[in-house]
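So, here come the structures, one by one.
Both complexes shown next keep subunit A, but they swap its partner, so subunit B is in the first and subunit C is in the second.
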Partner chain A sequence: MDLLKELSENLRLGDDEAVRAGTRAALAEGLAADDILRDAFLAGMAVVGEEFGRREIFLPDVLLAARAMQAGMEILKPHLARDGAPPAGRVVLGTVQGDLHDIGKNLVGILLRGAGFEVIDLGTDVSAARFLEAAESAGAQVIGLSALLTTTMPRMAEVVALVRERGLGERVKVIVGGAPVTQAFADGIGADGWGFDAESAVRRVKALMEGA
Partner chain B sequence: MSREPFLERLQSGPAILGDGAWGTMLFARGLPTGDAPERVCLERPELLTGIAGLYLEAGAEVVTTNTFGANPERLGLHGLTDSLEEICHEAVAAIRRAVGERAWVSGSIGPTGVLLVPFGRLDPAAASAGFARQAAALAAAGADLLCVETMTDLAEAELAVRAVREAAPGLPVVATMSFEATRRGFFTVMGATPAKAAVRLEVAGAHAVGANCGDGDTMAGIAREFRAHCALPIAVRPNAGLPTLVDGALVHPESPEAMAARVPELLEAGVHLLGGCCGTTPVHIRAMRQALDGKEWKREQ
Partner chain C sequence: MRRVLRFDAEAVLPARSRVLVRAGVPADRTPSHRILDLVEKASALFLREAVPVGVFEGLTLEELLAVHRDVAPADEESVLEHVSPRARSLALFAATVGEPVCARIRRLFAEGDAPLGLLLDAVASEATTGLADELGEALLGDRHEPGLAVLAYSPGYCGWPVMGQRALFARLLPGEIGISLGESALMAPVKSVSGVLVAAPPRAHRFKPDFDFCDACSERTCLERMASLRSPAGLSEKEGDGPWTS
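Our next item is the complex of A and B:
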């Protein structure tokens, strides 16, 4: 267990080399890849998310931790059981049409993946139709919408409306976020959730998965 | 030149009033979302001249160019990189047509929107070259000052200030970052504090430092922190709150009166240059003008 704790810690520190070495060492010790993923990688990223939420660490620290996790995953992936732990859920993520900003959206993707979610990232400038298409074809439970521009915020309402129009409101929840986006705005357009920041977005997605 | 030099006034007072939002005004006039706002400079400069006139009339002494994203990275997203110089030229000219010498024209320089290595793919040398190109173009077009604004990464802000000073050595540079209030104090999302920003932006060569694109109620606190850590004039441009949806339209909640009511506190906190960011309109600026005029300006130190 100490090995995994150390690995988790090195991931939080964003030390790619140490994470690679620790992953190899843990596998050599005979630890199960699924346990390494859960107890070192996901546990480490969960702490990273919480610390970011409290602004004890900032975006650069989160990005470095995510990269360290990626470095470890490259070694771990071939060893993961194909029928191992199912993802915590499937989320289609993107920045709404007309908006090309992706830093915040990428951060949400990192923390969602770190929390064990499968993330289908559609990138930026994504139309309501494309969000729906992707969510339906992937069987996603959640659509996550990002906007940095106040002028593109109304696009979020279009996605919510389209989900309702297609009668998917029970199956697909919509969560919104981005610097100018508030709870009042989210409520106003009938979104199922709002993330103040990336960490609270992950908490909200988890709550939506549990039917809250 | 009928106006006194910007820098002299900035340093000797009274406090200078800038303008408000540009995106808000442009989108209200039908600018399509998704396209580069800078394309307006090429295709409908008369819109810019019109808005500049409204701000001048409202009492703004500094009017900002519509060049926030006129850097190679952001223009590249719209295939406009080759038009950077023309955009900057038209942007300054459009404001000048409205304000003449009755207001200073401030060349807006926003962030690249891409993270610098090692956190992202942007090479510092390329970022510097881009900022220098934008600054040189704005200077050549006749801007009176440059404002490096809405920065969250202190490394990018420093690099921008250095590049801008070198490319446009004759122009004063105002450098502002976007902070949020956390339980542990004011930080940008990249982790910069006003204290660090004050010291490092001063060293980088900024003539004024401060904050923009943040909540109005954080600005006095941020200004005091800047004041405590550097001797430069302080600049702040708060948002008119965060927008909500009212009858299907986005509305910024902060009234002109509310923004004007903060002016005395900002002056007491040592602010020398103020204006508004997202959601502030000529009506807000007029209210701030009246608040400023009714107030005896006190010189700091």
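Our next item is the complex of A and C:
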């Protein structure tokens, strides 16, 4: 089997060790790092995404594949830096101020990395000012906000307002999500997108990057 | 009457089927062996780290309504306002599987082991729900009255605003078992549960989910909860009967 196809398949199967070995082998064969990233890692994750979308596999399978990809990326990254392959986009993620829930946010971050995005994860209990500071500093195109309590959801509106206040509305898009967060709420606060779950959040980020 | 109950982790370890559903594997699908391995590892971690504990304290209907109406006005409908008058026993409760499990979940994600983090989170979440059931069983045991069913009703659901946690915590003082409440009504440890246990004839727990607040609810766990209640053998239709609310 073609080296990259085999690597992609092992990634899809969530085999960390095989992905590490395959990545080293591909580099040793002289394959370019961004070719490995595109044709093995991202291609493998795209298949995983499709299978997940068809409900043939489930969230734990996706995370296993993403973990395998990260295992390969640890080996590939130094070579990518030299080749200068750009990320699909930059996203700042965090759970809003006063809230400590982070599972959903973590899942979105993992899936975004699997799709080739650079993710700056600020963690939990993040103030609006910190979101903006991180987005401006990183040159991020998207800020993703998570809230799991109705009492913390209003903090999302603060971030949206601050983006507008700083005149960044065209350059930086805001997407929101979390169990109590609805499309209606997102529309009401002027957010640019809403994710029902981690998968739909990633789809929305991709759409925002494409200018939709 | 106030009781603190400490449990072995084994006693609240959830069934694999519930863990899988919580982790996103539908009940009618067969998970891969890799996922099943993860469930086993997560369960083993839970057994090692969890320190499940709960507290409940009995109160009268008037005392409960005072707690509830701290944030839910009497003239606004809520499920608890309709169910609680038919209760034979009421108790405020709080329970947690403990901070070590929560910390371990955070570490797993921080260290890049999201698959195991997700499964341990699923085990811990199901176990936390199970703790409420265990406390309910203890309340029923204290009651010594056959034919009753216990369900837990929590702030943040069914018309009881999440800020209702404040009055509940002020009354119950679950700090005794290591649960605190933040400004935004977030409990710490995160894998904690609180609310009121209502012991009543099964029919008393049934309601039509067509309250105003039902429109915004995406979970609809009320339907599964009501379906889980069975009419006890020998209980007549008249006894324990209650009107449908709408």
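Rule of thumb we're sticking to: the second predicted complex is superposed on the first by the 201 of 212 C-alpha atoms of A that agree within 3 Å, B and C clash if a C-alpha of one lies under 4 Å from a C-alpha of the other, contacts with A are read in each partner's own complex, and residues count from 1 in each chain.
The rule is short, and it goes like this: contacts are C-beta pairs under 8 Å (C-beta built on N, C-alpha and C of every residue); 3 or more make two chains touch, one makes a residue touch a chain.
Everything numeric here is computed off the predicted structure, so don't read it as measured data.
Novice: Should the pairing of subunit B and subunit C on subunit A count as a clash or a fit in the superposition?
Specialist: clash
Novice: Looking at A:Leu3 after the superposition, I want to know if it touches subunit B, subunit C, both of them or none. Which is it: first, second, both, neither?
Specialist: neither
Novice: For A:Ala207 in the superposed arrangement: first (subunit B), second (subunit C), both or neither?
Specialist: Touch status of A:Ala207: no partner.
Novice: What is the contact status of A:Ala66 with respect to subunit B (first) and subunit C (second): first, second, both, or neither?
Specialist: Once the two structures are laid over each other on A, A:Ala66 reaches subunit C alone.
Novice: Touching A:Ile103, do we find subunit B (first), subunit C (second), both, or neither?
Specialist: both
Novice: Now for A:Ala157: first (subunit B), second (subunit C), both, or neither, which partner does it touch?
Specialist: Touch partner of A:Ala157: subunit B, not subunit C.
Novice: Is A:Arg54 touching anything from subunit B or subunit C once the two structures are fitted on A? First, second, both or neither.
Specialist: After superposing on A, A:Arg54 lies in contact with subunit B but is clear of subunit C.
Novice: Could you say whether A:Ile189 touches subunit B, subunit C, both of them, or neither, answering first, second, both or neither?
Specialist: first
Novice: Once the structures are superposed on A, label A:Leu27 by its partner contacts, choosing first (subunit B), second (subunit C), both or neither.
Specialist: Touch partners of A:Leu27: none, neither subunit B nor subunit C.
Novice: Which subunit A residues contact subunit B in one complex and subunit C in the other?
Specialist: Looking at subunit A, the two contact sets intersect at 55, 57-61, 63-64, 98-101, 103, 149-152, 182.
Novice: Quick check: in the complex, which residue numbers of subunit B touch subunit A?
Specialist: Residue positions touching the partner: 23-24, 27, 31-34, 77, 113, 115, 118-120, 152, 182-184, 187-191, 242-245, 248, 250, 252, 278-279.
Novice: Along subunit A, where are the residues that touch subunit B in the complex?
Specialist: Touching subunit B from subunit A are residues 54-61, 63-64, 97-101, 103, 125, 149-155, 157, 180-182, 184-185, 188-189.
Novice: Would you tell me which residues of subunit C are touching subunit A in their complex?
Specialist: Residues in contact with subunit A: 23-26, 29, 31-32, 34-35, 38, 105-106, 109, 112-115, 117-119, 121, 156, 161-163, 182-186, 188, 190, 216, 218.
Novice: So in the complex, which bits of subunit A are touching subunit C?
Specialist: Residues 14, 55, 57-61, 63-64, 66-67, 70, 98-103, 106-107, 110, 149-152, 179, 182 of subunit A touch subunit C in their complex.
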